[in-house]
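The first chain written gets the first letter, and so on, giving A, B, C and D; residue counts start at 1 in each chain.
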Amino acid sequence: MDLSELTQIKERELAARKKYTLRCCMAAGCVSSNSEAVKQELEKAVVEAGLQDQVEVRGVGCMRLCCEGPLVQADPSGMLFEQVDPEAAKSIIQTLKGGKAKARVGDANAPFFKKQKSIVLANSGIVDPERIESYIAADGYHALYHVLREMERSEVVEEIVASGLRGRGGAGFPTGLKWGTVAKSAGSRKFVVCNADEGDPGAFMDRSVLESDPHSVLEGMAIAAYAVGAEQGFIYVRAEYPLAIERLKNAIKQAKAKGLLGAGIFESPFNFTVDIRIGAGAFVCGEETALMMSIEGRRGTPRPRPPFPAESGLWGCPTLINNVETFANVAPIIRNGAQWFAGIGTEKSKGTKVFALAGKIQNTGLIEVPMGTPLRTIVEEMGGGAPDGGRIKAVQTGGPSGGCIPADSLDTPVDYESLGKLGSIMGSGGMIVMDQTTNMVDVARFFMEFCMDESCGKCIPCRAGTVQMHHLLTKIMEGKGTARDLQKLEELCDMVRSTSLCGLGQTAPNPTLSTLRFFRHEYEQRLQPDTFGPRGNGKPARATPSA
Amino acid sequence: MDRLKVATIWFGGCSGCHMSFLDLDEFLIDLADKIEIVFSPVVDAKEYPENVDVCLIEGALCNEENLEWLHKIRKRTKAIVAFGDCAVTGNVPTMRNALGLNNDVNVLDRAYRECADHNAGIPNEAGIVPTLLKRVVPIQEAVHVDLFLPGCPPPADRIKSLLVQVLEGKSPVLEGADLKFG
Amino acid sequence: MAAITLTINDKQVSAEDSQTVLNVAQEQGIPIPTLCHLEGVYDVGACRLCLVEVAGVNKLLPACTTKAAEGMVVRTESERLRKYRRMTLELLFAERNHVCAICVANGNCELQTMACNQGMDHVRYDYCFPKWDMDLTHERFGMDHNRCILCTRCVRVCWHIEGAGTKNVAGRGARSHIITDMFQPWGTAESCTSCGKCVMACPTGALFERGSTTAEMQRDRTKLEFIVTAREKKQWIA
Amino acid sequence: MVTAIADKRQKAALASAQLVAGDKRYKILQTTMKRHQNQSDALIEVLHKAQELFGYLDTPQLRFVAQGLRIPPSRVYGVATFYHFFQLKPKGKHSCVVCMGTACYVKGADKVLAGVEEQAGIKSGETTPDNQVSVLTARCIGACGIAPAVVYDGTVTPRQGVADARKQIKEWMSHGS
């Protein structure tokens, strides 16, 4: 493969485009609403109408408004069809010729779509995730070519540093800095790992990226591998995402066949292979040291850091671990330049962030917005507020490691620092909206139960502390708790946060702490008067003799 | 000067802590000048008086009667001392808890039916035989406890050390050799 | 290996840069509590009792896995650390069924001793009272899961020193437990060499020699030390 | 001692050979291990394969894997029980996985689960005595946009109410009798 071949593929693909395209969402959300049948029926209807030469029916990745799936969009009109029934296929074909569709027509210009800014999801809903040609036609693998043939390794790292990209997995560590450390670490063998163990309940951005645009992740990994000097990559993906695994496997196979993975890529001395490792249902494996244990075929228990994976990771070799969305940002940065990327977002949080909007909100689905977009814009304008005349009470970000942001802080811009100040975190991008019917003590208990079940059991504070905190929260929830229990709970939150071995334990108290901070009255309402009797002063002696 | 009003009581335990108390030997004679035992298995009082200064509680909470007494004691006592491991941790009596949700029934079955040589049957008399609690717990799970004196039993010198500090009007602190479970 | 100087509790001490903070402190006679560390096997940093404060680092660091460094300023005792250590111990006591009075290790138990040293006079949390079994199928040794604190010393000596790999941890979270081979009775575990190193390593009364009764179980750590010294320094003298 | 260990090894190897000869699935499992050069790192991959072949993992399979990858049985068992995905008991003919992710939870997944459990007469993680239905929960299947989601026999189904879920379970159970 060389540049001319790449260009040829692109041109051939563009030349084959037909007058009309019907893009049919084939991501997991719509697939579960029967979009496969919709696509089949559309194809059949095209043939029946004799329009094969004019209409292409293309299976694409996530079209974002998951709650209204299955979604179909027509090009070039941009008409959007929602909740499409397979039986409506024929009528949709007729709309191309001015007919009326027997399907709900959505507003493709609604704020939900218009307020988005796509970098990571640029191809999502546009390209066919099962055909590498479709990705190449959208300038795919051009960045890899540019990097391999025209850039030094150090230049690539510098470019990422200059872009200001930060890890999209949760903590927001500067990506360029991480790459630089791995690049500088001594070792003949190095690894690049893509963390696709998206375990936060309420988050499905990474799943969508993998299902919708798997090649962008592969390209990002290959660029990273070149920059740090690795030749082997792993994608660690959850077993719960069978469609994503299937598309990744397919993408790797196609990339190999085209010589975009393997030995001597783009006729350079660079070799890179990618293997998929399938997780087996352990949230803690999202923690990087636990993830590495799991790749090595062991129990996914974390180990203390330092040493950091960048120095000593898989099999003791320097290892670069980034999350799916981080890798998906890489190729666009190389293609458009670091300055372009740095021009989006806020001073300290650059670029965009993908969020999975769910819970008590009108429009659920995926959104990608520039960093710094106010929460209010996201949940009220784009999300359309709470359904059924409800009132938004809080927005939960960061899953079991995050916190609840109360409605009166909705003007907070979404960036790493602002969310941190509110006791929450950016997290991987789950955003769950809660309305006035949501009980915040129950929310805290729900997340604590999650952490308790997902604790690996290695360190005492997390293993036993989450059990006790869950017990106390349940007690309070059931109206059996006292002020003493609340105090114990708060002490334990502090202790577990400060002493746990890994991020899971260190952040497990966050949902409790944040609901205590903003919704303390909901806890206090449930407390029982103390029946423990008077507390003595520990001084029973003659200082206070009895009469 | 009034003597310090001291009570002791025996819940779910083996009475070993009380035996250890009696092991104070001649110190008991010194004590007699300074404290008055107003309620205890070793004295005759039937009713727990008001305004008790210190109560040493031996044993874990095993049945409804224990719990009732404990609340009464808490109301009428300035300082409660969890006296020995059973009161502090639950100790041996709690071992029935691991028998599961119905351990209160199971443990009686085992004791009075399975192991009975004759007259198998669970003693049952409303108002006389108290009902077992679902779970045996240490006393601090039900009321405020002011001082903890672990040990099984706490040896006499540790009891002495605590009492001396109490009589001196200090807030007793148990450290080093004075603090040991088992 | 280079000589370095660091400060522990306001005291200047010298050490080698390959040493851990725990190692240096112990050499200097500065006690740092720990339950999972065992001389001779690799450290896991799991019990969190050896956490210390290091100036300039906002997280608490486990002394057992943190390398000593030039100019490091370490504090092993503080109000905060004492509070956390006591809470950690209380969590352990509440987690399983520790009944000191009837334990083989009474008086020789690291957990019991540490609780007293840390001033834990009672447990503030509700006890969990889980149901755990005892394995008495091995002809020489027994295991009582009620007393296990999951320090994994037995797992590590079995693998690292004996090379048998009989013991491991199964399950996860609070349901984690030590197993032999395929979660089968110890007496039927084919890989077990009956060497007894796990029993020597156990900090509590969870692993014991059969036939020992309350407070009788004393552990001979010198045997483990002997093997480790022999291996690492090639000195075959006890 | 040395001969005793050699004896044990030989016995284990013999047992493995017998399994391969008697059951094609073991043969496939063996091939999978070979494809990974019998490296211990491949343990999780191999367990995935075993579960795919047998539906669940039992002791003979785990021993077979331990023997094949040359790792202690205790480690194989430790890994198999660490990950929720691995089942050590056979599953029912049908499976109902209720997603308990946050989005599903705030939209009433707990009530759906309670309904399913009541209808099936079992708790999550269990299988009905007639082996018809297994009820399981998942920690978010990433279908938050269509919450609450339930997976019936591998098919993700959107917006499930208590009545929908009960109906499905009832149907499965009546087929069994």
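FYI, contacts are C-beta pairs under 8 Å (C-beta built on N, C-alpha and C of every residue); 3 or more make two chains touch, one makes a residue touch a chain.
Fair warning: this is a prediction, and the values are worked out from it, not measured in the lab.
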- What is the chain whose Cα centre is as far as it gets from that of chain B? A
- Message: Applying the contact rule given earlier, which two chains have the most C-beta pairs between them?
- Response: A-D
- Message: Taking the mean of the C-alpha atoms as each chain's centre, how many Å separate chain B from chain C?
- Response: 34
- For chain A and chain D, what's the span in angstrom between their mean Cα positions? 26
- Item | Length of the line joining the C-alpha centres of chain A and chain C, rounded to whole Å | 39
- Chain centre separation (chain B, chain D; CA means) in Å: 50
- Task: Indicate the residues of chain D shared as contacts by at least two other chains.
- Result: 75, 78, 82
- chain C residues touching 2+ other chains are 124, 126, 169, 171-172
- Note on the structure: Residues of chain B that touch two or more other chains sit at none
- Query: Which chains touch, pair by pair?
  - Reply: A-B, A-C, A-D, B-C, C-D
- Which positions of chain B touch chain C when the two form their complex? 82, 85, 88-92, 94-95, 97-100, 135, 137-138, 140-141, 145, 148, 150, 152, 174-176, 179-182
- Query: Which residues, counting only chain C, touch chain A once they are in their complex?
  - Reply: 44-48, 51, 59-60, 62, 65-66, 83-84, 87-88, 91-92, 94-95, 124-126, 128, 149-150, 169, 171-176
- Spell out the residues on chain C that touch chain D in their complex, using ranges where they run on. 159, 164-172, 179-183, 190-191, 193
- How about chain A: which of its residues touch chain C in the complex? 282, 299, 303-304, 452-461, 463-468, 471, 488, 491-492, 495, 498-501
- Across the complex, what residues on chain A touch chain D? 28-29, 31-33, 66-67, 69, 198-204, 207, 239-241, 277-283, 294-301, 356-360, 364-366, 396, 399, 430, 432, 434, 438, 443, 446-447, 450, 453-454, 456
